[in-house]
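The two complexes that follow have chain A in common; it is paired with chain B in the first and with chain C in the second.
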Partner chain A sequence: MKKKFILLISILLLITILTGCWGAQELNTLGIVSATGIDIEGDEIITTFEIIKLNPSLGSSRSDGSKNVRYIQTRGKTIFEALRNTTLVFDRRIYLSHNQVYILGEELAKKGLTPYFDFLQRDHECRETAYLLVSKGSKAYEIMGFSSGVEDLQGNYIRDMLKNNKFTSKSVPINITEYFKNYYDAGIQPVVGVIQKKEKKYEKNMEMKNKDKSILSVEGAAVFNREKLVGYLNGEETRGYNYVRNKVKDGIIEFPTPSIDISKNTLLKIGSNVNNISNLDIKEFTVVEIIKSITKNKVEIEDGKIILKINVKTKGMLGEEQSNIDVSKDEVIKTLEEACSKEIKKQIEKALLKAQKEYKIDIFGFGNLFYRKYPKDWKKIKDNWNDIFSEVEFRVDVKTDIIRTGITNIPSDSLKGE
Partner chain B sequence: MILISKRVEDNKTFVLDSFNNTSDLIHYEFETNDNKKVIIFYIEGFIDRDLLDRDIVKPMISNKENRDIKKIISISNLSEVYEIKEVINKISEGNVAIFINGNSIAYLVDLKKWEKRSIEEPLAESVVRGPKEGFVEDISSNRNLLRKKIKSNNLVFEDYVIGEQTRTKVSIAYVNGIVNEDVLNEVRKRLNNIDTDAILESGYIEQYIEDNKASMFPTIGNTQKPDVVAGKILEGRVAIFCDGSPHVLTVPRLFIENIQTSEDYYIRPHYATFLRSIRIFSLFLTILLPGVYVALQIFHQEMIPTVLLVSMAGAREGVPLPAAIEAFLMIIMLELIKESGIRLPRAVGSAVSIVGALVLGQAAVQAGIVSAPMVIVIAVTAIAEFTVSPLIELLILHRLVILFLGAFAGLYGVTCGLVALIVGGLSLNSFGVSYGYPIAPIGKKGLKDFVIRFPLSSFIFRPKGIEKTNMVRHTSRRKK
Partner chain C sequence: MNKSEKVSSYQIILLLIIYRLVVAFSFMPAVNVSPGNQDIWIAVVLSIPYTILFCLPILFLSNKFNDYTLVEYMEIIFGKFLGKVIGLFYTFVFLIFTIAYVSILAEILDSTMYPSMPTIVTISIMLITCSYISFKGLEPIARGAEVFAPFILTVIFIFPMLGFNNLDFKVLLPILKDSTFIDLNKGAIEIALKFADVLILAMVTPNLEKKEKLNSIFIKSVFFGVLASNFVFIISLAALGIEQTKHSNFPFFTFARLINVYDFIQRIESIYVISWVTGNIGKTSGYLYFSTVSFAQILNKKNNSKYIIPLALVTLIISLIFKDRNSVIGVNEPLQRILLITILISIIIIPFIALIVYLLRRKKINVDVKE
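Let's turn to the complex of A and B:
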């Protein structure tokens, strides 16, 4: 009994050695980082940290308008060295666990991320859910310290913008884990989010106090060939990419309203006169809000040729209708569904063509699908998969289902009194 | 064994010597009409003088014929004693002793009458719904209160006298046929084994008979309410009344009794269930909160959501003390205010709470000595502890243990402390019954009265942990 007790105590004591996060640190010795910028100049790494400056009454920026943040910049041959060098110029220890975004300078991205990213994977403090972004056309530190949102902390501001991606699907929220997953996986190349400054276009008197002439935008995506940045996708192509990757959960599709057969429509459109009908040929737009979308990709070999099949099923809701068609009729909805499918197909094809023809890189993971389905064949072609990918045929099949039409179904120009 | 002498003078000297001529022992000598010398003893203020004069002294003096004393004294509890030691004991319990010359018998009449507190609502166990009466210091009143709840002839009291000097009357109560015989025998045995010269409160008895004196968990229940005692002994428990104490003990006590209140059974089950879950939640909250808060703050900053961390860190800016010391200081301050609030005269007590609230809540934060979230944490802890007031001693002490472990070993320490507490609690026994019932050992019948309080009509069986033989509550079901 006594032996058992001593054994138990010693086991309990041994566990204390196993804990990886030993070492207490008081909160007021930490500099909590919310965003990090990584750049390269020559062979030196420049890190820029946005550190939350804590004052007891935090919550809103102080009356003098200054921000609750501090920026420090240090250099080093490695990220760790640069990080530790901060203690020479800053009074608090850099604490990375709450870092929301890593902004990578374009130059660094073009040079290749691998030698600099080991730290992000290895260090226990670096949160793997932090988002990765490439600063398009600029250094990372040019983006840093710039926020046109409500949130003072740029890290939170950018994170929230990326989280709002679901409303448009025009950006890619990629965190460190996902990047490395795509980086190591066979037959897929990583894509990283993009951030850039854009010109602000305002009417004359709008927000006169705000002197910043530009805003930040996370639209688009950066395409990587393994570790090196090779190019960008624009907003629509990014949505196409998200469709293929089955990452569209929400968002809207905007397309020209299809011209509906007039002879049928005279019957359908009760309460409108002939003059109105003739106006239908004018391009007006319809918006469908996506409620649910599922993409299933397939790779098949037909007659010795590789064929990529992308099958999209979207459920949506009519969000906006500029023309005056009667959406309470099944035939009209069907036409709209077809038009919507066509638009989605167009966007997917655009993204596919850009990756195939321009960058010649498989960012969609078809190689991975191929590897799973034909592991033996994969061995033969894996070294030049990207070349094969740029030549293969693809078939996109989209099916849209509009299940709701909003809280009105009256055509916009119905006659008064009817 | 000293028998009573036939000479009344001998008895007089013996009694007076035994009491060391104490000034509150009154002796009164007189002669009856037939010239018999009579001497009576009693303790001043302990007996009903009117009754003594009217029913004892007057008839004896006016007695002319040599009749049997029982025909003279018309008091129902007259008893005859042959041993002088017993007479002495009885005098100090409020009896009147009568010695008659030429008679080797002493007569004892119980005329006890002393000042006692009237029945009031116990402050510590007030209820919204349910009886408001509470026990008082007088044991016979207390027993009457219980008898009023259970009018069955199966309700049995057994008397003990414990304490060489105090000679405190202790009596155990149980319902014959329902009581767990094993527990009853164990209670008898342990009460007989108490060897002390003083029992001043039922707390003394509790400490003499409890199972594990090293454990912080209370294994003996106490209450001031007769309805609670009735409920407990009807489940097969034994109650221990102690003269001079309004707190009645009940054994065995299970852990779940700490989260049960009598009101749970008086209100309807839905809300009772909700209240019980709140109590369990606050049980963990009040033990763990300061420890977990400090552990998160100094070891696991990455676990706190960013926005919360920023506001927590912001509040800690400029606070000179380490978080653990800050928490410890605040807990001590809280206990200080609580303790002084109890000890001080009521009029000053309110002043203390105002000063405490101002000093603790506002001034300390404004001066930057403690951070505002810490005040909130400690305040929540303090509020939560009162919902499980039976465990309050354990909670306060173990909270400090958890805080200490959390400050030195982070969440690992907190977990160790919690596991040690739970294991320590579950391994206890109260009078042969597992303390953890109905969770460990698991008991289907007992679970009906655990977090979810089932409707009363579904309480067909008594909890198996306590009751052994007579399981069924409703007689109508028993016949089937």
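Let's turn to the complex of A and C:
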């Protein structure tokens, strides 16, 4: 009886401490952030938060068209101070655990990220998986609040655009961990994503349908020399960069359809006759959809010279063909494969040359390859690797295999004949 | 401690593996040892022979006096007075480790999951659990290892599979190109000097089902413990890179936060924290239990359970004073220095002197033991 009584008392006591976590954060006390903008003006940090306005009765967006988000901007000497200052102007505590993206103002990025990033690494609420983006040519807060997607939340909208990188390979989804991994490494310089507001170039009707006059684009990449922004890569250069980094797993390659033996391999277009066929229009393009791509990089010393070797093997499917060539013939496919390889090679070389000649920094990690292969020599050149990288010779070798032609063979506007 | 309580070799091996793993699993001190580069994992492997070497005296004595605990045979070797003093020292050693593990777990929980929870609440709940486990005795502690070890090991092996796309094993290259033989051995010695769990083995020897398997238990637990710890270690290095792993207070926890499988399996670090807490509770319970056992033995008492609450209270007070004034993981000193000195004295110096004394007085000691 006594034992049962003690057990009962113990259970009752336990109930009092098992009701929940100490300092539990209820949903109605939190300002859940989905995107954060960080800028610098003078010595002051400006933080802009996109906060989800939780109001289930209103559904995903209001009938008046306004979105279920709030934007709060505060200033402080540090990011943490600016963040905590939100409680002076906003009724909820900022909660960063669901933050999807950090948009960094260009000025801040040029000044150097790392001193301001300590908070993002130290605080348990900040997720290492949040993406980093530099707002090209603008302040982060100029980008904030702008969404031309289906998603109401800009954080989710930008995150989804970055995840869609696999369809074009023209952007770089880099999170905090990846940035720091490259930042600490002597053999590679960090690259992060870019976000930019662009004017819409639609015709009148489209503008009326979508009221926004601008769109956001994540095309390109921001190049850093350690923590400082030094420049950008455009979309094609970014794809070249992604190729070298072996990050192209999907996407497309568009290239001018090569000139081929017309008499043998050109088909008669619908509505034309044999006499009309002269030369292939060079404005006609072929698109190959990448199915699989593997890049193997090597660094070798030949006759005392450092050579960078990039070997790309791509398998793809014929995605679109604008010219009237007979793709059902093996020799045509071979020619297209060569043209595709040439285009990939061109993009890789553009990215390499930009990093070498314009920025003079190794963003591809060849330094790491050199270190792994020639660790003793690396110690001698480690401190001026970027200078050496900007002068070294590179050899790009690309092999493309078009392994499918889709569910049709010859182009739609051609006749196969007999 | 009731010597009729028996634990199997399998149970004690699992217990010692988890005790070792829990350290790597939580704050991974090995990451900051020499050579401090991609070869650290080699230093961890190299620590096996050093661990065996450092533990040889205590292992030899435990084999010789396999019917006695560490505290009991120290009294046989050094005589009553000196033996009691040494026994008291070992009680303090177990208590120091209990305080250290309680403080470490409190810091882990406060830093990662419950920043608002006062340390007194974290530590109290932890010590209530540990005291209850200790009250139940040695057999439940050992049986607990059979339940919790598979769970912890499953977490360790499943998480890398889920987070495989975050792993880049090339960070471990080049192998043995940047580290000298001295660097690696320095690191290996430093790691070996962090291994204190042989004290648990020395206390549990009389309760082993097969005492003759003591050496095999020790070797297996050291080998598999290092293997599992190194696995955790390599995964953290591959996920975060060398420097970021060194920067991180809880590298494997950081890796767990990166896991995202098709936006479907993500934010699963709480499962990892559960295994973390389970392992730490198991380890703290073991050390608390043996601190009471050694205390009871120096007082010649058979029942150690009445000392559990007083010693848990001492642990609570000291941990609170200590933890509320220092960071025990982020700032290495003074905790790491205290632990190092404690291990040096308790595992190397005292057992080594005891071994010499035993060899010099073995005839008399053997006669005394027979009587």
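Side notes on the structure shown:
One rule holds in what follows: the second predicted complex is superposed on the first by the 362 of 418 C-alpha atoms of A that agree within 3 Å, B and C clash if a C-alpha of one lies under 4 Å from a C-alpha of the other, contacts with A are read in each partner's own complex, and residues count from 1 in each chain.
Note that a contact is a pair of C-beta atoms (placed from the backbone, for glycine too) under 8 Å apart; a residue touches a chain by one contact, two chains touch by 3 or more.
From a predicted model like this one, the values you see are computed outputs, not experimental measurements.
When both complexes are overlaid on chain A, the residue A:Tyr95 reaches chain B alone and has no touch with chain C.
Between chain B and chain C, it is B that contacts the larger number of residues in chain A.
Of the two partner chains, chain B and chain C are each touched by A:Arg127.
When the shared chain is aligned, chain C comes close enough to touch A:Phe180, but chain B does not.
In the superposed model, A:Ser147 makes contact with neither chain B nor chain C.
By the touch criterion defined above, A:Thr48 reaches neither chain B nor chain C.
Of the two partner chains, chain B is the only one that A:Ser34 touches; chain C does not reach it.
The interface of chain A with chain B overlaps its interface with chain C at residues 21, 23, 127. Residue ranges of chain B in contact with chain A, taken from their complex: 297-302, 306-307, 309-319, 322-323, 368, 407, 409-410, 412, 416. Chain C meets chain A in the complex at residues 111-118, 121, 125, 166, 170, 173-174, 177-178, 239-244, 247, 254, 257-258, 260.
Across the complex, chain B is touched by residues 12, 15-16, 19, 21, 23-28, 30, 32, 34, 52, 54-59, 95, 97-98, 100, 125, 127, 156 of chain A. Interface of chain A with chain C (complex): residues 17, 21-23, 121, 124, 127-129, 177, 180-181, 184-185, 368, 371-373, 375-376.
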